[in-house]
Amino acid sequence: MSSSLSLFVRCAVLAVVGLIMAPAVEAADRDKLLSEPGVYGTFAAFTLDEDWAKEDQATRIAHLTVLRGVVEQHREKIAIDLYLTRGLSDHADIMFRMHAVELRETQKFLLDLQSSLFGKHLKTAGIMHGLTKKANYVPGFPDQLKADLKTASESGPKPYAIVIPIRKSPDWWALDQDKRAAMMKEHTEATLPYIKTVKRKLYHSSGLDDLDFITYFETSKLEDFHSLILSLEKVKEFQYTRRFGHPTLIGTAMSLPDIMEALAQ
Amino acid sequence: MSSSLSLFVRCAVLAVVGLIMAPAVEAADRDKLLSEPGVYGTFAAFTLDEDWAKEDQATRIAHLTVLRGVVEQHREKIAIDLYLTRGLSDHADIMFRMHAVELRETQKFLLDLQSSLFGKHLKTAGIMHGLTKKANYVPGFPDQLKADLKTASESGPKPYAIVIPIRKSPDWWALDQDKRAAMMKEHTEATLPYIKTVKRKLYHSSGLDDLDFITYFETSKLEDFHSLILSLEKVKEFQYTRRFGHPTLIGTAMSLPDIMEALAQ
Amino acid sequence: MSSSLSLFVRCAVLAVVGLIMAPAVEAADRDKLLSEPGVYGTFAAFTLDEDWAKEDQATRIAHLTVLRGVVEQHREKIAIDLYLTRGLSDHADIMFRMHAVELRETQKFLLDLQSSLFGKHLKTAGIMHGLTKKANYVPGFPDQLKADLKTASESGPKPYAIVIPIRKSPDWWALDQDKRAAMMKEHTEATLPYIKTVKRKLYHSSGLDDLDFITYFETSKLEDFHSLILSLEKVKEFQYTRRFGHPTLIGTAMSLPDIMEALAQ
Amino acid sequence: MSSSLSLFVRCAVLAVVGLIMAPAVEAADRDKLLSEPGVYGTFAAFTLDEDWAKEDQATRIAHLTVLRGVVEQHREKIAIDLYLTRGLSDHADIMFRMHAVELRETQKFLLDLQSSLFGKHLKTAGIMHGLTKKANYVPGFPDQLKADLKTASESGPKPYAIVIPIRKSPDWWALDQDKRAAMMKEHTEATLPYIKTVKRKLYHSSGLDDLDFITYFETSKLEDFHSLILSLEKVKEFQYTRRFGHPTLIGTAMSLPDIMEALAQ
Amino acid sequence: MSSSLSLFVRCAVLAVVGLIMAPAVEAADRDKLLSEPGVYGTFAAFTLDEDWAKEDQATRIAHLTVLRGVVEQHREKIAIDLYLTRGLSDHADIMFRMHAVELRETQKFLLDLQSSLFGKHLKTAGIMHGLTKKANYVPGFPDQLKADLKTASESGPKPYAIVIPIRKSPDWWALDQDKRAAMMKEHTEATLPYIKTVKRKLYHSSGLDDLDFITYFETSKLEDFHSLILSLEKVKEFQYTRRFGHPTLIGTAMSLPDIMEALAQ
């Protein structure tokens, strides 16, 4: 696509998007949803159907404006993040990450999304749910490790996002808490070299889907992320992992306007 | 979707639905079907085809009215529950749970459903059958445990429903009855902390499909349900589970009018 | 569907079906095919495509009449049974069981079926082949067990039919004949309590498809069938089973006119 | 299909097919390709798309004439065999077996086939490649076994063809050559009773696809083939087989005119 | 296709392609991307949709010209190689290999590709990412082995390209570095006989997709490649491989004009 056409699309999208910065109050809610325990995180990945490519650009922009409307309507109760997975993951074109206190709120959003003009072009590639919980093993870690874990992440954008679903083997759950804690200490120590450049977030899934955990990563340095995963494959706890990925979802975190621009083309 | 339009849909749906409360006699049959042994429970999950989204609302409402008719026609012989799985499960949009004394009655209902105007939009995502049976291990449990198991479930709605299909390993069935009973006692004890907030129901499937059991849960507190599953993963009996979920189906229990309203949009 | 419309369909179907009772000579061939060793049994399961539901009833009846013609044309060489799996199995709508002395005869029938006006609506869900053989282990069984195995099946219709494909583990085939015979004796004894109410038939598949055996069951008492499978899961021989089901196919045996009526609706 | 119509189709097909007997020179090349080491064997299985069934017969015959043209065009460099798998295998309707000295020649044929009018109706079900090599273990076998292996196959047509892809376990390759040779001797001895009625051909696949071997069988006596596979499942070497079939492809070998006639209907 | 028509297509394609030789500066960048560590290699495989075959040739050529434009537009930042997998792999028709310093650049190219007129006909078959890194075990190898590894590859075209994705077992990563190094020495020695005729390149994938490694091969002698893989299956390190292929992708490396010509037909 020529850059002049690209510029036209950007202008058209911005024109319909307008200012969608969330007011301060809302941002506070979002901070709570993204940091507190007892919150349900849902990852929903979609592919665009074949008709999407055939719609003309004006129609696509109109539909994307509907997407903006649906997202805005649910922002009060749900923190919604968007990722462009097209071109990086073979499973999906677009991924939503949602945080809500009640899973029903997330369901309502996804129902509205799927029944919208934009949503009619979406085919569900996967939905995974997890719950944020207080750290299970950290309280028993040595003080130095606890302190190290508080190292601040480097500031600046972390455009790459990776989601790795995990299922532990039954042997893992059969271990007593002490043995699991010792292995999780080794696991945690292996993450320290990457604590500044790779942000991690953990969701507990048992019963909510076919997983035990959803692990979520953000980074601007993919090579560090790769090294982190390699380190985690070498600790003893990894022997108790039955499923790791399948699928691994990799995408780029994008603002709603940027997603709209990318999909409008 | 704007709330005014939503209100319009609700009115339209209610207008065609009318009063569908089942008379007292029927309710009694339903109670028996849902509580007695020797009843066949079938879980049938469907996705809506791509044409559904393209039908205009009036057509969708007309088709949903047909759904109501088919359900009513079979209410005498089958207890039918509906769940909205769209937005929560990636496998299905809608799930039916049916209880009948003869599996042929359930087949007749599903045949009528699938050949109806509404049913032509349904694509079968999965069908699982199980039989309710008298408790196998409970009679041998200590009196205290038996008493604990009689703890009443908290009243009030339990909107979330989860279905987890299970296949045991051949090693499980090779154990003698005493060893299995001892492990099931440990399993049962692990469920006690959640007995008030998470309702469970068990279906025996061996031979009727590719499962040994279908486990069904209802709760308003998903976090309790998650904790329950986590506890069950830690008891010894879980080591003898070859398949747990795959798929796990999660949805919200809904009355027929509410399902109709949700799908009409 | 209202019962008056259903009656109309029944009449229309019967009108085109006419008398399709097979003459006595043919029945004798059928008896031989269904009881003798050296016969190839094929199970072919199909789903109906999306266009089928959209055809009007007259067209559907016309197409089903073609089905009748194709079946009749091949009755001389093949014993053909039909099962309605729709509403019970998620893999298929209709299943054919065919017995023939040469597998090419079965192929010819299925070719004619698939190229017929009715067959154009069929999508193949699965084809499995097996060979009937003289009992392998029975000759070495104690006389009492041999006598017990001759217990007559209860008369009366056995509407439910279940097909369970089986693959043994390599360890099974590595056992010497004596060890396998001892386990099959235990296996056979476990079936005795259900010998009156559950009919069984065994097909040997190694090399003809990805299975070692196809097991076929008929019953009017599904609970007995379930108990039978549960008993078979508890004997030692089951430890040597790598695949059991996947898919399990469950349906109702139906005459050709009844299948036609069910599919015409 | 009535036999008079069938006769018409046969005439129409023969009329367009004409004489396609290959001249003597070509046959010699074919013999070399089918008997020498260092030749690439490719098995390509296809299903016919839904439009094929909707084309009228004249169009189908015209398209099949194109198939004949494509096959003839590549006969100089590739030995091409055709199999009708429809009605016997659920994975495919038609299978091509190709032998060529360079895999690129096979690719060229398949490219021409797929871009032809007939090929536009083909959907690829599977492609497998293997290399013919000099016998690995036979040179070390006892003289008697070597002599037995030279027993001529019974003359006459062998209409059934079966393809079984195989992957060995890593344990197999970790064994030293002597141990593998001893097991292959036992394996080979197990095949002797069927050497007259079941023809075998072996292709080595490691690296060329997800297999280690493709085994190909031809027979007129399927029961002997079944017994052969059963014998091979009982030898020690079978314990080192990770994948056997999946899919097993079974079909009938057919001349091009016969395939054309079968597909024209 | 007759060779005269083929000639016409070749002329038409060349006419629209024009001279697309990359200037010297660009080639240098390409050399760096293909030889240095810290570069992201992406393999994206696509199938052509059913509409592609139905477009007339002029339209196909026009769309392929768009492909050329998209490739040229991104050549500055990405090294792009094309492979024709149609006729050799059942998973894909065309494969792109891309090397870029930032994975986002590759995403941008694939987004532009997929939203182009040509790209609308592409269905994603698979995307895999890996990172080039400095050799891990080679520095510790004996000098002779290091010298042997520097043997130059035979010059001349290497038309066949094979991609084999690999996942190691958790046991592999649990081994200490010395044990892994010893096994990788044995692995490397097994590759020496083929070092002249089979080019290899390794990509590290852990975390970037569901793999640990992507191995890429180029050769003109497929039999040597097959022998190489067979040798690698026999070394101890292969016991620690959980996934090898699935899919194995095999195709022929082609220049953009040649790909355009092949797909235009």
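Just so it is clear, A, B, C, D and E label the chains in written order, and each chain counts residues from 1 on its own.
We take it that a contact is a pair of C-beta atoms (placed from the backbone, for glycine too) under 8 Å apart; a residue touches a chain by one contact, two chains touch by 3 or more.
This structure is a prediction, so every number in the text was calculated from the model and none was measured.
Two copies of one chain, subunit D and subunit E, touch each other, and the residues they use overlap weakly: the shared fraction of interface numbers falls below half.
Averaged Cα coordinates give subunit A a centre that lies 48 Å from the centre of subunit D.
Subunit A and subunit E have centres, each the mean of its CA atoms, that are 30 Å apart.
In terms of inter-chain touching, the protein chains here make up one closed cycle, each touching precisely two others. Following neighbour contacts from subunit A out to subunit E and onward until the ring closes gives A, E, D, C, B.
Those residues of subunit D that touch subunit C in the complex are listed here as 1, 50, 53-54, 84, 86-90, 159-160, 162, 164, 217, 222-223, 225-226, 228-230, 233-234, 236, 238-239, 241, 244-248, 250, 252, 262, 265. Subunit A meets subunit B in the complex at residues 38, 40, 44, 49, 103-104, 106-112, 114-116, 120, 124-127, 129, 131, 170-171, 173-174, 204-210, 212.
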